[in-house]
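Going by the order they are written in, the chains are A, B, C, D and E; count residues from 1 in each one.
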C-alpha cells in the first residue's frame, strides 16, 4: 500500500501555504468586522467627547438692584411695559458691582461681555413679569455666562494662545478667575439645551422648538403613512389579482423605498408648496413629504409580516364561513401586527432622522417660538443639528454634538421599543 | 377658516358613526323580529353589523367627497358646503336604510368598499412615482428651454450664477453637469471602495467564520450604523474625519482641505457598510449547502470554498447589492453637503473638494423661494438626472435581489 | 346503504394550472355516517375534499369543472355565496389550527361572524354545547380564557371540531385529522367521530387503513386522480373488486 | 472477508445539540470493496458516513466522541488536518452538486487547490483520466467547457464522482447517490461502483435494499442510532441474525 | 356648526427673509423682540435678491413681511412690488457693513488693490494690448508679484446676495475704473466688463451660508472668501481680512470710509401688512431702537457698524410716523 500523495512532503508544503492564505482571508474578514465596529466606536466616541460637556453650562451669580427708575411708573405697569423695561442697565450695574474698580466704558463693555446679555436680561424680564413686586428690591440672579466664557472655563479655549487668536481678552480672564475665586461662577446642568427654542446665542440655544417640530412631523407622517402602507400591503398580498400590473406596483414600491430622499423633497416643493400652495417651513408639509418617504418601507415590512402568518389561520376562518376580507382582517392582520408595528416604528425612526427633504421645503429657518400647531413655522431636530453644525462659534460644535446625542438616544429608544414590541407581542402566539 | 373645516370633518365623522349605529340597530331589530315571528328558516345574508358598516362607509364617502369638491371648487362657500354635506350624507344613509332586508348582501358591498379603498391606497404608491416623475420633468423641461439638454449633459463648466434681476449684469451662467456628475462619481467610488470590500468581508466572516454568539453580537452592532441619521455622519465627517485626514496627509506633505471628496466618501462608505453586508449575507446564505459540502468534501479550506465556489455563484446577487449601495451613495445628501464642499472642480483627485448632484440641489434650492429662475429649475434638472440614474440601478438590483430573497425563503 | 344522498358529484375535475389533479369523479355521498377517502399520496384526496366546500377557490390557479349537488342544489352555482356554503360544510385540517385567541373565542368565532346568537347567555350556552359535543368541555371548562394554542395537539383538534360544530354545519370534512396526533388522542378523536356521525355527514381523508376500517361506513379509494373503487368499508377491506385497491390496502403499493 | 481493515471505529457517538444521533458504534471497514449502510430514515446513516471525513464538523452543533482509526491513524486527532483527511476520503452526495463552472473546471478543482499537478498538460490528462474512470469521458469530451450544471442528473452524479476521483482519494463515501437518478442512470452508476471498488474503499448509504444487495460486499444495518447487524451482504439479505434486520429488509418496518 | 368664531385673517408669526449678511442681525432682533413681546418671528436666509423677489410677490398671508438687504432696493424690484399691489414699503437703513476679502488666519496675509481684485475675478480682462480677453490668471502672484503663489480660488456670495451686488459695484467696478485700458470702452461694454465674474472655477458661488464659508476657509488654506465685515468681526480668531488699497477692514475704517468696500444695510417692511400682522410695526421699531442699533447696542456687539445718531433718529421718526398714518 503506497502512501497517499496527499501525505507527501510536497503536499504538506503546499498545504502550509494554503493555510497561510486561509489565515489571511480570515484576518481580512475579522479586520472588516473590526473596522466597522471601530468606525462606529470612533463616531460615538467623538460625539461623546465633543458633546458631553454641553450638558453642563457655567452660570454666574450676581446681585441685582431692581432700580425703580428702570421701570415704567407704577400706574403704567402692565405686562407690556414691564417687558420692555431697561433690564440691560440693571444687569450692567450688577456685574459692575462685582468690580467697583472698573471705570472706563471700554472696560465696562468687556466686563459686561462675560455674561450672556440676552440671557441675563431675559431672566430678569421673566422674573419681573411673573412677580412685579420685586421691583425696588435686591435680588440674586443666576444667569448663563457668555458662550466664550463658558468655552474658556470648560477648557475648549486655550488660555495660552496669543490674545489675538481668542475672542476673550487677558483682562477678561483675570476677572473670570477672580469671580471664580469668589464662588460666583458655578457649573450646572444645562436645562437650556433641552427647554429653550433656538437662539442666536449658543449659550441660550436649545432644541425644544426643533424637537417639537420633529414630533409633529413624525406624528403626521405616522398618521398618513401607516394606513397607506398597511392598506397597500394588504391589498397587494391578499386581494390584488396576480398579474403584471401587480408586479409593476410591487417593483415600484420597492424602488420608492430606495429613491434618494432628496427627491421626495423636490416632490414636496413642486407639489405641496407650488401647486397646492401650502406655506413653507411648516411641519404639516414636512410630515406629508416624509409620509411619502416612509410608506414604502411600511409596505415592505407589512408584507413580510403578513407572509409570516401561517396560512392555516386563514384556512380555518374561511372554512367557518368567514369571507376573505373577514379572514384577512380578523385573523391575518392581528397576527401580523407585531411585525407591522415594528416596521412602522423603524420607518418612523427613519423619518425622525431625515434631513435633506426638509431643506427643500424651507424648514431651515430661525424660529423663535416653539410651534404649537402643525401650520406654525418650525424646524426639525436633524435640521437644527445641520444649522448648528454650520455655525462658526466654537460653542456650537459641542451643542451640535449634544443635540446629536439626544437624537441618537431617541432613535435608540424607538428601536429598543420595536425590539421589545416584537418579542413581547410575538410571544403570545 | 381652518376651525370650520375641522368642525366639518368632525361632523362627517359623527354622521357616519351615527348612521352606522342607527342602521345596524334597525337591522338587528329586524333580525330579532324575524326570529321571534316564527320558525321561518330564512337566514339573513349579512350580519346586522354590515348594514351598519355599509351606512358608515357610504356616509363618510359622500361626506368627504363633497368636502373635497367644495374645497377645490368653491373654497369659501362654508354654509353651502355644510348644507350639502348634511343633505348628501342623509341621502346616503337613507338609501342604505331602505335596503335593509334579509336578502340584501350588505357584507358584499361593504367588502367591495374596503377592497376599493385598499386599491386606492396602493394606487398612492404609483401616484407618488408619477408625482415625482411629473414634477421633475415639468420643471426640467422649463430648464431645458433655457439650457439645451445636450449642453447640460456634456458641459464641462458648472457655475450656476444667473442674474436674478433684469438690470443685474450677472453672469450668463454655465450649466454643464459634467463636473457635478464627476464629483458625484468620485465620492460614490470612494464610498463603494470602502463599503464594498468591508461589507462583503463582514458578510463572509459572519456567515463562515464567526461563532453563532459572535454573530448574534456583531450583527446588531453593525446594523446600528444603518440607523444613524445621515446628518450625524455629516457632522462626524466635518468635525472628526476631515481634520483627521488633513492631519494625516499634512504629515505626508499633501495639502488636503478638511472638506474633501475623501472624507465625505470614506464616511459615506462607513454608512453604507451595513447595507452591503446584510444584502451580501442574504445572498451568500442563499447559495445551496450542497455546493459548500461539495467543496469541503474535496478538501477545500473555507476560504477556497468561499472564493472559488460560493462567491462565483453569489456574484449576481452581490453585484445587485453593490448596485443598491451605489444608488444609495449617489443619492446621499447630508454627508456631502456638510463634508464635501461646493466647488465644482473638474477633477479626479479625491483630495480636492468636489461637489455632487445632491449638494448642488441643496445649494440651488435652500433659501431662494423664487421659482422660475434658471437656477432653481436647474435643481430639478439635476433631480431628474439623479432620479433616472437611481431608478435604473434600483430596478436592476431589486430584480436580482428579489430572486435571491425568494430562493432563501424557499 | 338506504340512506338519503347528501352530495351527488358528477364528472368532477380539478386542475392546478396545467396539472389535472382529478380526472372526473362521480360519487354519491350519504347524508349520515362517515365516508373515508383513501389512496396513495398525491392521488387527489385533499383536492376532492376541498371541492365540497369550495376551499379550492382560495388557491390561486385551481380550476373546477363538473357538478356537485348538495341536497340537490348546485354548490358551484355562481349565485351561491361560498361563504354561506362553508357555514354549512365545516372543515377540520390535518394540523390543528386553533386561532391564537382564548378557547372561548375560538368556538365563538363562527357564531359571532354569522350573528347566530343575540345575547351573551345564548352564546355561552352555544359554546358549552359545542365543546361538550366535541368531548372537550370537561377538560377545558375552567380555562376557557386560556389561549387555544396552549392546549395539547389532541385537544386542539377537538377544539377545532367544536369550533366547526358551533355554526351547526350539515357536513364535516376532515383531512387526515389524526395524522398529527398520538395514539391516545387518535383514539379519542375516533370515538368522537363515531358519536358525531349520527348527526352529521362526515367525510374523512386518512392514510391509515386501520383508521378507515375502524371509523367509516363507506370507503372510496382514489388513485392518481381517479376514483378506483367506492363501496361499503367492509367490502373494500375484505373483498375489493379492484386489484389496485387490493394492492393498496395490503401495503403492496403506495 | 480477509481484506485489510481501512477503518476501525470504536464507540462512535455523534450529538446534534441535545440529540444523540449515534449511540456508540463499533465497526471495522475493509480496505477494498463496497460497504453498504442501510436502515430506516433518521437512523443515523448519513451522520455516521459524514464522520469518516469529518464533514460533521462543518455543521454547527455536531459533536463527535469515540475513535475512528484510518490505517491505524486517529482521524479525529487534533493534529490531523481535516482538509488533508478529506482529500483522502472523497464524498458523493444524494443530490448531484457540480459547481457552477465548466465540466473541466469541476474536475480540475480538487487537483488545483491541492496543487497536484504542475503543468497544464498534466492537469489535462488528470482530468481526462478521472472522467474516463467515472465513465463520463466519451459523453463529455467535446464539451468540457460547458457548465457542469447543464448535464443530466446521472451525468452530473458521475461528474461529481470524477471530481472526487481526481484527487486520488483512498476512500469514497456515497450518501444515497442514486436516489435522485432514474433507473437507467442508476444502473450506470452501479456499474461504475462495481468498477471502482477494486481500487477504492467505498461506503455507500442507500435506501434501496435491492441496490445494497446488488452493489455491496458487506452491509451494516442501523436502527435509531445503533448498529444492529453487520455482516456479509449475502448473509444479511438471506439470513439475518436479528429480528429487526429481518423486519426491515422484508419491508415490515421503516 | 355655527359655533366657530369668525376668525380674522391674522398671522401668528412675522416672516423675515433676505440678506445673509443681515441674517445675524435680523435673528438677533427677532430673538430680543420675541423676548420683549412674545411675537413669533421666523427668519430665513435667502440673499438680498431672493428676499426682494419673495417680498414683492404679493401681500397674501404666505408672503414675507420683512426682507433685509445689503443694498438698496433696485428700481426693478420696487416696480415688481408695485405691480403686485404692494404700495407701502418702508425702507429702514440699519447700519453699515464692509465687504472683506479674507482667508484663514494661518494663511499668508494679503494686501490688495481694487484692481487686483478686478484682474483676479473678472471674466474679461485687458491683455497687454488692451484687448479684452478671457481671464488668463491662474495664481495671485501672476497679477501682483507681492502676493503668494497660490491658485486663485475665491468663494463668494451668489447673485441672490446683496453682498455680491455691492462687491461687484464697489470693488470690481472700482478696480476696473483704475485701469486705463477700460476707460476707452463704451459705458455698456464697460459695465459688462466690470460686472461679469469669472465662470471658469476660480470664483465659486458659496451659497447663502456665510458660516459655511468661514468653515471652508479654515479648511482650505489657499482659499479666499468674500463676505460681510460682521462675520470677520465674529471670527477674528479664525480668519483675517486682506488690506484693500492699504486699509485694514476695521470698525473704524469702515465707519470713517477709509476702507473702500463698504455699504449700508437695509430692512424693508411691508406697510400694507401692518394692520393684519400684529407686532409687525413694533418689530420694525425694534430695529431702530436704542437698545438694538445705538452705539453699544446689541447689534453693534455682533458686528454692525451703527448709523450716525442723526440718521438713526430720522429712521426712527419715519417708522414711528408710519404707524400713526397706517393704524
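Just a few scattered comments:
Following the convention adopted for this analysis, a residue touches a chain if its C-beta (ideal position, glycine included) is under 8 Å from a C-beta of that chain, and two chains touch if they have at least 3 such contacts.
What you see is a predicted model; the values in this text were computed from it and never measured.
Counted as hops between touching chains, the shortest connection from chain A to chain E is 1. Ranked by C-beta contact pairs, the top interface belongs to chains A-B. For the pair chain B and chain E, the distance between mean C-alpha positions equals 39 Å.
Centre-to-centre spacing of chain A and chain D amounts to 62 Å, using the average Cα coordinate of each chain. Centre-to-centre separation between chain C and chain D, using Cα means, comes to 46 Å. The set of chain A residues touching two or more other chains comprises 6, 18, 280, 323-324, 362, 364, 390.
For chain C, the set of residues touching two or more other chains reads 83-84, 113-114.
Counting partners per residue, chain B has 2, 107, 238, 299, 301, 304, 366, 369 as the residues that reach two or more other chains.
Applying the touch definition to every pair of chains gives A-B, A-C, A-D, A-E, B-C, B-D, B-E. The touching residues of chain E, counted against chain A in their complex, run 12-13, 15, 23-24, 27-28, 30-32, 34-38, 40-44, 62, 105, 209, 211-212, 214-215, 231, 234-238, 291, 296, 298, 301-302.
Residues 1-4, 7-8, 11, 82, 157, 159-174, 238, 242, 246, 255, 257-259, 341-346, 353, 363, 366-370 of chain B are the ones touching chain E in the complex. Against chain A, the residues of chain C that register as touching in their complex are 53, 55, 58, 60, 83-88, 90-91, 93, 95, 97-100, 109-110, 113-114, 147, 149, 160, 163-164, 167. Residues of chain A touching chain C in their complex: 242, 310, 312-324, 326, 330-331, 335, 428-429.
On the chain B side of its complex with chain C, the touching residues are 31-32, 35, 43-45, 47-49, 105, 107-108.
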